[in-house]
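Pasting the structures here.
In the two assemblies presented below, chain A is common to both, partnered first by chain B and then by chain C.
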Partner chain A sequence: MKLQVGRNELLSALQAVIGVVERRQTLPVLSNFLLETKDDELIVTGTDLEIELESRARVQNIAPGRITVPARKLFDICRGLPEGAEIQLESTADKATLKSGRSRYSLACLKADEYPAMGQVADGRSLTLKHGQLKAIFERTQFAMAQQDVRYYLNGMLLEITANRVRTVATDGHRLAMSEVTLETGFKEATQIIVPRKAIIELLRVLEAGDEEVTLKIAAGQLQADLDVVRLTTKLIDGRFPDYERVIPESGDKRLQANRELVKRALGRTAILSNEKFRGVRLQLENSKLVLQTHNPEHEEAEEDLEVNYDGGALEIGFNVNYLLDALGALTSEEFVMELKNADSSGLVYALDDPSSKYVVMPMRL
Partner chain B sequence: MSQRKIVHVDMDAFYASVEQRDDPTLRGRPVVVAWRGSRSVVCAASYEARKFGVRSAMPAVRAERLCPEAVFVPPDFVRYRAVSNAVRAIMLQHTELVEPLSLDEAYLDVTENKTGLPTATRVASSIRTQIREELKLTASAGIAPNKFLAKIASDWRKPDGQFVIQPADIDTFLPPLPVGRLPGVGKVMEEKLKEMGVATVGDLRELTAVALEQRFGRYGVRLHNLSLGIDHSEVKPDRPTQSISAEDTFAEDVLITALEPTIRSMAEKTWKATRKTSRIGRTVVLKLKTSDFRSLTRSHTPASPPSSCEVLTEIALSLIDRVDEDPQQRYRLVGVGLSNFSEAEEVQAKLFE
Partner chain C sequence: MAIRILPDQLINQIKAGEVVERPSAVVKELVENSLDAGATRVEIEVEQGGLNLIRIRDNGSGIPREELPVALQRHATSKIQNMDDLERVGSLGFRGEALPSILSVSRLTLTSRVADASHGWQVSGAGAYENEEPKPAAHAVGTTVEACDLFYNTPARRKFMKAESTEFRHISQFINRIALCRFDAGFTLKHNQRRTLDLAPADSEPEREARVAQICGDDFVRNAIRIDEQRMGLSLQGWVGLPSFARTQADLQYLYVNGRAVRDKLLGHALRRAFADAMHSTHYPAFVLYLELDPVGVDVNVHPQKTEVRFRESARVHDFLFGAVHQLLRRQRPEPEQHHHAHFAESATNMSVQQPMRYATPSYSSPSYSSSGYSSQNFSARESASSVESLWAASNATTPSLQESAAEYPLGHALAQLHGVYILAQNNTGLILVDAHAAHERVLYEQFKQQLTHGGIPSQALLVPEQISLDEEAADALESRHEELRRYGLELDRAGPASIIVRAVPPLLAGQDIATLLRELSSDEDRRTNTTHLGEVLDAQHRIMADMACKAAIKANRRLTLPEMDGLLRDMERTELSGQCNHGRPTWVQVDMAELDRLFLRGR
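Entry: the complex of A and B
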């Protein structure tokens, strides 16, 4: 294989894929990128056997070929070269040589035939939506995904597609985030898949805010997302996501409406003196007044008094302050609403005038 | 805010008294606890040494000059701490709300007390008696509606005495005092106040809160409040709560069927006291003492800690059924408590269960 490529062009292709390459490997070849030429493009593939990422770079002076090279080393070298540098890449049976100006690097290769590529997802149902749409529903829910939970089906995001909407749901068992976008999907039957956490994080790295199209293809145990220059293929989590609709509370009779930024900032400040382990914040509501209180084992205390819209009667309830901050941080509206029932029931947070994202937070006994 | 009952307990010449207690040859003699050395200061002086003008924090060299016959003893803080803990244990028998200021003094909030003594004065004298009998040491106490008055009061009948400032006494007691007796008023502040023509608390009362605030900022407001005998600062216990309970001895021994009203009121008392700690008690304890002085306890630990006074009361009442004594058995005392407290006070509820 032989090719010439601009450093910036190559770097952005490697950058899109490097995240999936784990630093510690069970199989040596997994720490390598697969590089192959196709027409006037170089295709870069990285995988951890669960998720495969593929990106493309426009290259010149091609002699076709297929090699694998140490991923992180190639990435670091490329990143270290000056902007705008030209790179020549050439391979023999077990070596790849990278030249740029007066720099020369020789990298050890592994056989391309041994590379465990997932390839194209065959005949599945597909759905096309805009980058910005997918990015938004991911961003508004991803923080609620569990991490290394024994309930493995929580370590990912539920993607639910019905005829006229796409919905994401994530929960760690203490709080739940849900967001949806309305669109004609062409799906006649409701479809639920659980996308692994890492795949969501990787997709968020490459999704843009704009109107470019993303095609999602769902087939037996796999999801493939085609984003023009990047393609992600992931195995799905085989499990039953909890019946999330059951835990989204009915309209609570105690309704708080307030300026989102104001409350978020006050929560952020009181969080400083909350218990580092439990992160509890006490909310006291009465007659248009919200009092936030935290304290910690060092006997430090914080209290914030806020004017809010509330006439639901006196209520005192505790929450993990991080959960509230996450929810308020994910919303973009000026005003938000929080519905409550009593000190033992969950709270429901959403934007005023926009119920497309909802956050359910279980209380905390303080 | 309802009327609080605060006691300030101050051990008399604490370190020196411990030394005299533990070494009979020192009794009756002027004892000065201080390190050897030219720059050392006096940690404590016995009352015999104080007659010569020896005071705490005075250079040891000066103390030696004032009282050449004094016995100088190096401090042994390990021993003082052990004694201090024993004093604390006595206080904790009366209330969980003990705020130690140092090894030798503490504030107690006895608004709710565990022994059922009717007045704070009785609680204070009971604590002092226990300290004298169990530890062979003397303490002075001040009893007042707030911390700052209690502290002034404990100094009033020192050593080995106690003094009460009733809410009604404040206006006759405070005005004649020099401003230096107020917490936070040191030499510098005293000088500044003197320039304003203020020497006594009474003088201070002549100034408006606004004037004081303009001159001294937030502390000015505090000064104004102090001059009126107002101090809302709470007694903050430093020791994590292990258990909270309330008990009552009946005027006449009663049958088990007559316990309910008292259990209800004791549960309420206990619940009120738990509101003052951030920790959560998980085990409900019912305590009974029979007319023949046998103690019985029955306890129950529900799946989730009692979350209200009603739940606590209900569990306490249900524990009566677990007492399998003769129905004719009479009881002289009943108590309701919460124990098994833990710092895991913040219990996150779950979505799916």
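Entry: the complex of A and C
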């Protein structure tokens, strides 16, 4: 293989893929990239056997071929080369030589045939939506995904596609985030898949806010996202996601409406003096007044008194302050609404003017 | 085959299968008989691991002539008469099975003399007693039982015997066990004509301690704390080895209930839990403990060898034992005079004798500090003088206070940090070495634990309650105690006959495997009836905190200033179990001045 490529072009292709390559490996080939030339393109592939990322770079002077090179080393070398440098890459049997100006690097290659590529997702149903749309529904829910939970099906995000909307749901068992976007999907029956946590994080790295199109292709046990220059293929989590609709409370009779930024900042301040292990905050509501209280084992206390829109009668309820902060942080509206029932029931948070994202937070007995 | 009553000898042999499984069991039965007869001197003589000969001689009350033949019969005993006696058994034996069982598998001679008889009498038999008349024999007051050729008539059993040394080890272990609770009696043990143990009766406290040291080793006594607790009609006495004296095998565990050595699951669990925080799970604590309670509250007639017992109020006994030992360990504060000594005397003396020259020729290679070199650094003489002065003033100010307070503070004052890992401190006794990370870890852990229980454990409601299937009895048990579990932050309801629903969990256990924890909590009968096991919900949270403490503690190569190190030393003195980190490693050691002097051959 032989090719010539601009440093910036190559770096952005490597950058899109490097995230999936784990630093510690038992299988040596997994710490390598697969480099492959096709027409006037270089295809860079990285995988951790669950997720495969593929990116493209435009190259010149091609002699076709397939090689694998140490991923992080190649990435670090490219990053260290000066902006706008030209790179020549050439491979022999077990070495790849990178030349740029007066720099020369020789990297050890592993057999390209042994690279575990997932390949194309065959005969799946596909769905096309805008970058910005997908990014928004991911961003608004991703923080609620569980991490290394024994309930493996929570370590990911539910993607639910019906005829006229796409919805994402994530929960760690204590709180739940849901967001949706309305569009004609062409799906006749509702489809639910659980996308692993890491795939969501990787997709968020490459998704942009713009109007370019993303194609999602769903086949048995696999999802492929095609984003023009990057393609991500991931195995899906095989499990049953909890029946989230049952968890979202019917409109509670106690309705609080307030300025989002105001409450978020007050919560952020009181959180400083909450118990750092439990993160409990007490909310006291009565007649247009919200009082936030925290205290910690060092007997330090915080209290914030806020003017809010509330007339639901006296109520005192405890929450993990992080969960409230996450929910308020994911919203973008000026005003938000929180519906409550009683001290033992969940709270529902959403934007005043936009109910497309909803957050359910379970209370904490303090 | 027709059904018929078995002949006596066969019955005895079957019984012997339970009671006399190996030579040490014969020794056990006979020594217990001697002690029940009020002997103050028991001589045990065995040959070839006891297979050839076991002779037990005592100075007890003896057996009158007319009772000798009866003694060899099944279910014949002088120890109990009726049901009431069985209820409050005070003697070691009572079943009346030992002598006939031993007789049925050996050639047995029983010689005895009571105090008012002019001479002794002897009966003997091989396999069975043939109803011969007792023969006169010369004997001091007391009894001698001689069992030869053990298992001569049950070759199958004989084949199962281990090596001579193994069988003798069992015998010796038994003698150790009984000697540790019968201080009133003296014991001698001879194997193949060689005396291996000689213990005089120990009536005073120092004598008793000497016996413990002789059996368990001097190290044990040096690293053990006395315990003496009385509560609610229960009493616990003995020695508890410090957690840092952990053993890699359970070889120094002596537990007695009403003077009877037992190996009991319930009591074992209580002790394990008491040490749980302070010892690595692969290590075993060392202890010699005597638990006393009203004989009515304990049933010893559970096991033919009587190593298992049953308590009427098992939870209370468990709590008492756990509480007493747990409290004792937590009460310990650093006491340099007693524990945590570092010994390197032996190897050290050798080393310094062999290689004195190495230290005697320091290399003054290039003393290149010329006077010009000094003067070239142009800072004014006055400035340097004043800074030196202030340094002096500072050190003068600290020296007297150091002298005074060394007496108040067991761990003394920090001097320096060694390679970013150890704190060197001095106290009145000498040098203290502290593993800063391990010590800080324990201090944090104990703080975390206090904070956890301070003001109640919160519980985080679950979005989707978790349904856990268990068997019905386990579900019953958990349901009936949901109030207590609530206090530990766990809220659950019954969902069906064989399942429960967890509605809220303590925040620390979020993401943990609650189902497994609950199954473990209710896994067996013992755990279901015993409320203390619920504490394991708390223990599970403690384990998380131990992890957090380990991560939060200062790491190696963190530079510490003297005030910081002193602060840690003071914290250690206040903290429970500060002698061990959460994984059971020691946090500090004391090196005496005497020990240091020895290193340098001073004062010899």
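Rule of thumb we're sticking to: the second predicted complex is superposed on the first by the 366 of 366 C-alpha atoms of A that agree within 3 Å, B and C clash if a C-alpha of one lies under 4 Å from a C-alpha of the other, contacts with A are read in each partner's own complex, and residues count from 1 in each chain.
Keep in mind that, in the parts below, a contact is a pair of C-beta atoms (placed from the backbone, for glycine too) under 8 Å apart; a residue touches a chain by one contact, two chains touch by 3 or more.
Computed from a predicted model, the values in this text were never measured in an experiment.
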Put the two structures on top of each other at chain A: do chain B and chain C fit, or clash?
clash
Mind working out whether A:209 is in touch with chain B, chain C, both or neither, as first, second, both or neither?
neither
Return first, second, both or neither, reflecting whether A:148 touches chain B, chain C, both chains, or no partner chain.
second
Touching A:365, do we find chain B (first), chain C (second), both, or neither?
both
Given the touch rule stated above, what does A:171 touch, chain B (first), chain C (second), both, or neither?
both
Chain A positions touched by chain B in one structure and by chain C in the second:
171, 173-176, 242, 247, 275, 277-280, 297, 318, 320, 344, 346, 360, 362-366
With touch defined as at the start, can you tell me which chain A residues reach chain C in the complex?
146-150, 171-176, 242-243, 247, 275, 277-280, 297, 318, 320, 344, 346, 360, 362-366
Using the touch definition from the top, list the residues of chain C that touch chain A in their complex.
448, 450-452, 454-456, 458-464, 466, 491, 504, 507-508, 510-513, 545, 548
Per the contact definition, I'd like the list of chain B residues that touch chain A in the complex.
236, 238, 278, 280, 304-305, 307, 343-352
Per the touch rule above, chain A residues touching chain B in the complex are 171, 173-176, 242, 247, 275, 277-280, 295, 297, 299, 318, 320, 344, 346, 360, 362-366
